Amino acid sequence: MRDYVIRRVLGMIPLILIVMIVAFAIFSLVPNPFAALIENPRIKKADIERLIKAWGFDLPWYLRFFKWFSGVIKGDWGPSLLYPGSSARDVIARALPVTIRVMGIEFLLSLLIALPIGIISAVKQYSVTDYVVTVFSFLGMSMPTFWFGLMMMMLFSVFLKRPSGAPLLPAGGIMTPGLEEAPFWTRFVDQLQYLVMPVLVLAFSSVGSWTRYMRSSMLEVVRQDYIRTARAKGVPERLVINKHALRNALIPIVTLVALSVPGIVGGASITEKIFNIPGMGSLIIAAETKSDYPTAMVGLMLTSVLVIVFNLIADIVYAWVDPRIKYS
Amino acid sequence: MATRLVEVQNLKKWFPVKGGVFSTTVASVKAVDGIDFFINQGETLSLVGESGSGKTTAGRTVLKLLQPTAGKIVYKGKDITKLTPNQMRPLRRNMQIMFQDPYGSLNPRMPVGDIIQEPLDVHNVGLRRERRKAVTAMMETVGLRPEYEKRYPHEFSGGQRQRIGIARALILNPELLVLDEPISALDVSIQSQIINLLQELQQRLNLTYLFIAHDLAVVRHMSDRVAVMYLGKVVETAENDELFDHPLHPYTQALLSAVPVPDPEVKRERIILQGDVPSPVNPPSGCHFRTRCPYAMPVCKEQEPAAVEVSPGHTVSCHLLTKK
Amino acid sequence: MDNREVLVDVKNLRTFFYTEDGVVPAVDGLDLTIHRGEIVGLVGESGCGKSVTALSIMRLIPNPPGKIISGEIIFHGENLLKKSEEEMRLIRGDKISMIFQEPMTSLNPVFTVGDQISEAITLHQKTDEAEARKRTVEMLHLVGIPEPERRYRQYPHELSGGMRQRVMIAMALSSNPDLLISDEATTALDVTIQAQILDLMRGLQKKLGMAILIITHNLAVVAEMAETIAIAYAGKIVENASAREIFKSPRHPYTYGLLQSIPKFAERRTNEPLPAIEGMVPSPYHMPNGCRFNPRCPFATEKCRAEEPELVELTPGHLVRCFHPIEP
Amino acid sequence: MAEQAVAAEKKKRSSDDYSYVGMVFHRLTRHKLAMAGAVMLILMMLFVFVGPLVWRADPNEQIPGLEGMFNPPSQAHPLGTDDYGRDVLARMFFGGRISLFIGFISAVSATLIGAFIGLLAGYYGGWADNLLMRFTDAMLSIPTFPLLIALASVMGKGMWQIIMVIVVFGWMSDARLVRGLALSLKEQEYVEAARAIGASANRIMWRHLFPNTLAVLIVSTTIGIGSSIIYEASISFLGFGIQAPLASWGNMLQNAQQFIWNAPRLIVYPGLAIFITVLGFNFFGDGLRDAIDPKLKL
């Protein structure tokens, strides 16, 4: 097991490097942001050239990559072009908590709803309940989030109004401006209202797929021989499901949960954009469309590294919950 | 004197076990660990053993479907051990294999006519039209209705599928046929049909069989000579009746006595072996059988017993016989 | 003839499976009697309904697609088919136990073998945990597992096939059942391990006195174990007699053919072909009219093709379902 | 007597003798959700491909002036007009064609590329497997969406570029799937049998392994079409996809987003069309998966 972990950690290094190089190579094809400044007559040509040189845009992309990468290793993540005056690190640090709050709540909520429903659906396979659950899971999985987001917005912010005439739920953002100094509960209630729509939109689709995963994992397990053995020794049906079947059915689910954790940090680009949430997803997209490659690359690197790390964690967790697996 | 078709000398097949930080080979599964045997033209040699004895690996290594780790395979006087897959290809016409699993051994997406014809296509035998004729004839030979050639394997029963497997193996007119547990997955009443077919074909086509099996009653019915394997080693080889009437190795004796007999009147003295077969990754030192042997002596732990020919054609590897 | 008390009396059992491709009459009018402390062999080829009979006695037929259509299973004077699910649960693993073919897949991979046995004990006996544990170790010892204390903590995958089957037996016998059903329990094992397990079962039967129903396709195994043998073909019993009678003077052409067709281990080699039964087991979707064996029977007449024979007692204790039984 | 036997033989050929395709089809027709999906897809196809023959309007013709904009549904414009005064129904037809075309081509290409890589990795194993799978892992650990956008903005915004982008990030799951299948299939005895008759690696891969992954690949492609349509729509929605005046369901939605307050119905149509299409592919694909899964058969 220890050897296995060491081997995997060593294996992660080239993987992260490949990911970085591929990402950087693609980003480097995006036009040089300073070239556009030439159109601006008020900026001196020499200044532009100085900027280009300072940023390394006179170098071929692979050399620029080394320059950038050695900086990253030294802890210098570079300045942000999108938010002049801030470093890429500060920009990311501002977006991260916003995303974690939305995605974390969504993640826990989806699991809490989906797993029990998936189990019930599997245990009552072919029942009316199962059909209803199945249809709803597919609705969730097939729903384009951007459309669902807009529809929700139409419903809760355009059609449904409070008595005061204000929309029932705020259409976008994360909090009402001016409430920064308000008492905790006021802020809490205020921010909660901003969370409702994005969380619901995201949860609808992930509840759909988690339910399907749980259901099929459970279905796979309940037809195993050892479930028959449990019944043959007189285990009550409730325990057959909740003890004998569930322990086994959760093994692949736990792995999937571990693999999904990086999503909490990476954010959901489109939903964040629709609801105007200043999180990681919308930040990375904004950064790359504005050629703010330090910010975009740091954001990407963070999420990629997390994906790779959680891949390893998923495997370790798998070995931990399944006594049959011993990595040697 | 019969001609030797195949001779195997000190054949070994080890499978690496990877481990450690750099995924190096840390141990080996010694599936076949130095065996010798020969097969004469036209006879049936049975390889008998329990699971983990290495009999299936031995059969596949003889055909070079697995590359041997060490030792020598001589086919008709020619050393084929070092031949590359490309050099082996023409020889494959002469040596074929038939498998245990009637479900897994036929490609479910191929009509049976194509399955039987494939060896001819691979070796470019004859014209297209002639190949189809050969397929029809072969289907009749093994007792299948030729009009079924367009059907898919799942439309056939287990016994019929094994007939398809025989047809595929025989269409190139091989000399040697490795039968890897060909009947053990079949129903009792179907087993005898396939046994009869195999015996009839052997006589008609002068085939040589390497019969790999664990069912000793079938082995007794089918074979000319029998080699008993235990944990990667051949422990005893003899003519059929000689082995069953006078087993000398303690393992052979235990194995034979463990076979249930379909006659409630027969009450036999039974040798019940204790424990399980040890792991082939780490077999016991000296004689591999010593951990379960009722007669184990100190020497068995220290020294591997050599094969001794106790009577013509009857060889045994046991210290009990060399001690005197 | 047999003066012992009848333990189980299966009368005219019908268990059908409703599949997409049609109805499979897996068991179609099967009768079977087991006396107290008797070893009965139920022998047949695949698809003859022998395993479905066992699962029907346990009331473990998966529904859907399976269903017990009619018949009676009298156990201790009561019809098991009339019992509620909860009453049946209390019988399973207590008065009737079962062991299966694949000891690997029949044990739950995520619980230790000790946990699985002591679960069976606590389900049916009023014991505390320490008592159950003590009893589990005793059972492991009883079935010949060395170092029972250590084995208690091991998982099924850490044991060999033979050891796992011993664990299954320990679990099945932990509450001293009146009937043990062994469904091909030694089929997957090697000959020398099979001999160990058969030896163990024989010994335990003498010691504990339970009746055993041995279900197998292997005539040699029942010859060694059973006092009474029932031969099943296509969902019905075709012959039922003492082991001695079955092997010495089989009366049904199928039994006769089966016995003839198996190679004899104790006989010297001849080059004669085996007297094989021609044809194959009928498809469950298309059972032949009349006697189900008629298409393969060398003695079949018009009557056999038109009418179905009844199971009749030809000589005391020897029941045969045939219009033209073989004369002894 | 002989005739009877022939008749009996014919009768016997009912359920046992389905060809594989026939059997899958048979089970599919009994799968309620798959049939619902099929109906949805057929209706969508009719809408997109037959619709323009019935309702002949130019999707790009603009009605100038304020009175042409945001017309409610009327006889002249069954779904009304958009911000440029274009006929929304006609734009729905043509947008649908583009969305379906992109979805289909990119899903099929991604599956084929994935299958090829997976087959090579699975069959050869060893270092080839290691190399290909590490590359697949790397591709999988890159967050798709940001790179999709970057690639789209680099490669231009035409239809074929969008297809390329979706394929580049869409083949990995199929590669993993096929590799896993190939690993287990090559342990099957019929592959060993093919080696025993001297078949070449190419023959084994394409005659023995590939046909046996086909059923799974068709399922994966079916579901893949749905997700490709969503990808296209998302990219277009963010403004990096199909560009106006060419219509796609995605960019119609992007356009409509600005007018959520004055013409909310413009949001409803394209989104609903995407939703129904994707749902149709998901239902149908899932039914197909059940139909080819022998484990569900008794």
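Think of it as A, B, C and D in the order they're written, each chain with its own count starting at 1.
In this section, a contact is a pair of C-beta atoms (placed from the backbone, for glycine too) under 8 Å apart; a residue touches a chain by one contact, two chains touch by 3 or more.
No experiment lies behind these values; they were computed from the predicted model shown.
Q: Going by the average position of its CA atoms, which chain sits the greatest distance from chain B?
A: Relative to chain B, the chain whose C-alpha centre sits farthest away is A.
Q: Which pair wins on C-beta contacts, A-D or B-D?
A: When B-D is set beside A-D, the one with more contacts is A-D.
Q: Report the most central chain, judged by the distance from each chain's C-alpha mean to the global C-alpha mean.
A: D
Q: Can you give the whole-Å distance between the Cα centres of chain A and chain D?
A: 24
Q: Starting from the mean Cα coordinates of chain B and chain D, work out the distance between those two points in Å.
A: That gives a centre separation of 48 Å.
Q: From the C-alpha centre of chain A to that of chain B, how far is it in Å?
A: Each chain reduced to its C-alpha mean, chain A and chain B end up 55 Å apart.
Q: In angstrom, rounded to a whole number, how far apart do the mean CA points of chain B and chain C lie?
A: So the centroids are 32 Å from each other.
Q: Going through chain A residue by residue, note those that touch at least 2 other chains and give them in order.
A: none
Q: Can you list the residues of chain D that touch 2 or more other chains?
A: Chain D, residues with two or more chain partners: 16.
Q: Note the residues in chain B that touch 2 or more other chains, in rising order.
A: none
Q: Looking at the complex, which residues from chain A come into contact with chain D?
A: Chain A reaches chain D through residues 11, 14-15, 18-19, 22-23, 26-27, 29-30, 131, 134-135, 138-139, 141-144, 146-148, 150-151, 153-154, 158, 223, 266, 269-270, 273-274, 281, 284-285, 288-289, 296, 299-300, 303-304, 307-308, 311.
Q: What part of chain A is in contact with chain C in the complex they form?
A: Its residues touching chain C are 126, 224-226, 228-237, 244, 247-248, 251, 321-324.
Q: Report the residues of chain C in contact with chain B in the complex, numbered from low to high.
A: Within the complex, chain C touches chain B at residues 45-46, 160, 162-163, 190-196, 198-199, 217-221, 223-224, 243-244, 247-248, 257-259, 261-269, 271, 273-278, 280-281.
Q: Under the definition above, what is the set of chain C residues touching chain A in their complex?
A: 58, 60, 64, 85, 89-94, 97-98, 100, 102, 105-111, 119-120, 123-124, 155, 157, 168, 171-172
Q: Any idea which chain A residues touch chain B in the complex?
A: 3, 6-7, 10, 328
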